[in-house]
Structure formats: structure tokens, C-alpha cells
Amino acid sequence: MLAFEQKVRESFGRQALMATIAAELLSVAPGTVEIRLPFGRHLTQQNDFLHAGVITSVLDSACGYAALSVAPENAEVLSVEFKVNLLAPAVGESFIARAQVKRAGRTLTVCTADAFALNQGNEKLVATMQATIMNMIPQA
Amino acid sequence: MLAFEQKVRESFGRQALMATIAAELLSVAPGTVEIRLPFGRHLTQQNDFLHAGVITSVLDSACGYAALSVAPENAEVLSVEFKVNLLAPAVGESFIARAQVKRAGRTLTVCTADAFALNQGNEKLVATMQATIMNMIPQA
Amino acid sequence: MLAFEQKVRESFGRQALMATIAAELLSVAPGTVEIRLPFGRHLTQQNDFLHAGVITSVLDSACGYAALSVAPENAEVLSVEFKVNLLAPAVGESFIARAQVKRAGRTLTVCTADAFALNQGNEKLVATMQATIMNMIPQA
Amino acid sequence: MLAFEQKVRESFGRQALMATIAAELLSVAPGTVEIRLPFGRHLTQQNDFLHAGVITSVLDSACGYAALSVAPENAEVLSVEFKVNLLAPAVGESFIARAQVKRAGRTLTVCTADAFALNQGNEKLVATMQATIMNMIPQA
């Protein structure tokens, strides 16, 4: 496993929320990350759809780790802000969040991510995020 | 209890995620809603701060219910989109999300919400949301 | 010219701002629109870059018309909200905004758009927008 | 005139776009800025409302200068991103954008701003912005 993937997987492993919601880090490549989330009844809003905050959680983690995958070796990342459009009810057997770096800067990285609901092998776009992530470099 | 408050409390009670993260609906008034969230180790990101998606969950519910509190009697609400700025690490004994309606329209309502971390009685602003919520009115 | 393109070109022609900043509607296809903007010294901010509001103007028009290109025949469109990330200084001989529909709904359409600076034939990404547009259908 | 106000007014004076649209810097105080914009037929969209990009221009300048008013003495500011909700048609004799700093950090400052239409002395809220601004400090 390459250094950037190891760094991303190690950090993902320390996100207690991801374990709590049973999210799984599928793939990590330079500038792209995929996270899988099973549907869970305990994660829903009032209509039994997945709560927008849960979808946001995996989109945010996916964006952060996409940014981390191309960050300087000693950098950590921190979400500065994000915007989410909810495009369809989040109903499905499971969900996939796919993030990609749009532009990596020295201090700030901008990522976009889509969330898809999976039903019997079909994917449906349910949400999309545009996010700004900051590189935190420890001072010497 | 007035009708709008009953409607909000009943809907909040059906959001399984809110029970899962132990969030509590504090106050409901026309156009404003407060939600309390205790810190939980199982809800954190890699630095032991509350995950941005968890903060977003309570901000989103607060905005949705602020909109619902002023919506037509037969309307349901649905989040269209939101934008969150993360202003400080979400560390604290507990958190409060406070949402208010900025403009209520026939179809769309815009809300803003702030999230505060509480430590020994002190409040610190940790995140802020601007959200668009849609009134869903069942067809006759 | 097909009906949707005629509708888009006719509406663009009524946007006085587009003439004021010398923006030109390049291409219109179902769900995608391109607008060209020449650099203008009278449109700059304090560092002689194009002002973010000018870049936003062409991104917003591009998103609105991408949405209009797939809207019901009798619908007008109105921007509900947008979010813009400024990715690089807007310096160049001219600029191109390219918008595409991400999801077209009955009431709301979500579009994304990128703005590129052109210098000696090279394109550089300078800004990106995620926007929500509403279909306005005249009541019978 | 205090140093921060002088710095803001001098920078505003170099924004050619503000002169082009006849925008005027009304007030500058630590963390708040007001800009006035007269209505102009050459700044409209297809329904003769002010174009959303023009409203965004004054909201963005107001947020940037609110941030600059509290930035370190040697810092310049740059807009990182903003999100705008359009709340009502921008029709009026003139418009006022009012920005305030929500949180000033070392590197990033978050501001909010509202735009109001003025008609016969009445103010109506027409748009609201949430923005992230970066301090640019020249390297020694």
C-alpha cells in the first residue's frame, strides 16, 4: 500500500463516527475516495429516508480524504465549509459517496462529491457536495 | 401545547437519527428551534472532535423544524440544500443548535442556524448553516 | 433553431447585464450552456482581477439557461441560490462559463458550472458554481 | 479617519467594478461594512430585476471589506467562496448590502451579509450571503 493510501486509511480508522454508522472506505486513489454506507433504520429522518446529516457525514469524510490523498506528506486536513444539494430521497439498500479533488492548492483544496443510493444493483444520485478543505501543516 | 409545536415535536420524535445521537428538542417557537446534543465519543472524527456531519445533522433538523413551525398547517418540509461553515473545533460537553427562519415563502423557506459548544457554562460558536427548505403540500 | 435554444437565446438577449459586460452566449444544448466573457478593466477588483461578482454573473446566467433548456415549454426560471468557489485569480484575455444540469426536477433543477480563464489558447479553471434553479410555471 | 477605514476605502476605490455599477461605500466600522447600489437598467436580468450577479458583487465586496476591517495591518483579503440565497426579486430604487464578520480567524474569516431593496424609504430583504475570506499576508 502506498504512503498516501496508508495515511488515509489510518485516519479513517480513527473516525469513530464512521464505525458507528458502519461506513467503509472502499477505494483510495490520488485525488479520489469512495466510501460505502449501508442503510440503517437508526439513521433516518421522519420519513424513513437516511437523514441528510448522515449523507453529509460520508460526503464530508470522502472529500476530506480525497484532499488528504494529495496533500503534502506531513499535512493534516480540516473541513472549512461545504454545501450540499439533496437531489432525491435517500432510500436504498446502501449508499456510495464518491469524492474527487477539483483543485488542490497549497493551503486550500476544493473537492466535489456525489452520493448514490444503490437498489438491486442500480445507482441513483441522491446528493452532491462542494467542499473546501484546509491543509494543516505542523509548525517546525 | 400549540398545534405548530405539537407538529414539530411529533416529527422530531420520528427522526430515528436524533434518538441515536441522543439529540433533544429544547424549544420550539414560531420561526425558531433549539436542539441540544451531548458530546459522544462514538460521533467523532480523527481528532476526537465531533464529526462535521453530526453537527450538520442537528443544524439541519433545527432549520427544518424552524421552517415547519411557520409552514401551512398541512405542509411537510424537506431540505433542499444547505451550506455549513465550520468555525472552530467541535469540542465540548454538549452542543446547542439554534435555527431561525430568515424568509418564509410559499414554496421555499430560508433558515440560518448556529451551533455552539458548551464548556462549563460557556458557549462558543463552532459552526453556522444557511439552508433552503421546501414546503411539501399533499395534493388534494 | 430548436424551440429550447430559441427560448434561451431570446431570454439571454433580454439580460441587459450580459450586454453591459459584453458576455456572449456561445452554445446551447439540452442541459448545457456556454457563455463567453471578454476581460474588461472596468469589471475588476482591487488587484485588477475580474471581480468575483462578474464571474458569478456569467456562471449564474449559464446555470439558469442550462436549467431553462430542459424546463417545461411554458416555464420560466429563477435562481434560488448558488455557491461559488474561487479557485484561482480571474486573469485572462477572456473567460468561458460552462454549465450543465445535474438533476432536473419538476420544481427545482440543480446545475453545476465551471469558469475558465483563456490565455493564448490555454484554459485555466478559475471558479466553480453549484446552483439551484426554480421552474416558474404561469398558473392557468 | 482610522487606519482600518482608510485601508478599506482605498482598496474599494481601486475596485473598478464598483465605479462601473455606481456602488458607493457608505460606512466602515470594525467588522461591518455597508455598500449602496443604485438601480440601473443596464444591470438587469430578463425580468428587469437586478441581476443576481450584481447583487452578489456588492455582497462580496461588503464581506471582503468587513473581513479586511479586522484583518492584521499588513494583510490583504481574497474571497475563497460564498453562498447566496435570493429571497425576493431585486426591484427597488436602490439597494444596500450590509456585511458583518461572524468569526475572524488567523487565516480565514467568515462573514454574513444581507442585501435590501429600498423603495420609498422601505427596506426589503432580497438576498443573503455566507462567505469565507482569506487573509493574504506578504511573506517577509
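When the chains are written out, they are named A, B, C and D in that same order, and each has its own residue count from 1.
Just so it is clear, a contact is a pair of C-beta atoms (placed from the backbone, for glycine too) under 8 Å apart; a residue touches a chain by one contact, two chains touch by 3 or more.
These numbers were taken from a predicted model, which means no experiment stands behind them.
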Interface sides of chain A and chain D: same vs different residues, half threshold: same
Greatest Cα-centre separation from chain B belongs to chain C
So, what's the distance in Å between the C-alpha centres of chain D and chain B? 28
Interchain centroid distance [CA atoms averaged], chain B/chain C, Å: 33
Report the inter-chain centroid distance for chain A and chain B in whole angstrom, where each centroid is the mean of the CA atoms. 21
Using the touch rule from the top of the page, what residues of chain B touch 2 or more other chains? 80-81, 83, 85, 110, 132
Footprint of chain D on chain C - complex, ascending: 11-12, 14-17, 19-20, 41-47, 51-54, 56-61, 76, 78-86
Inside the complex, what are the residues of chain B that reach chain C? 80-81, 83, 107-108, 110, 132, 134
Show me the residue ranges of chain C that touch chain A in the complex, using the header's touch definition. 83, 85, 87-88, 102-103, 105, 110, 112, 125, 128, 130, 132
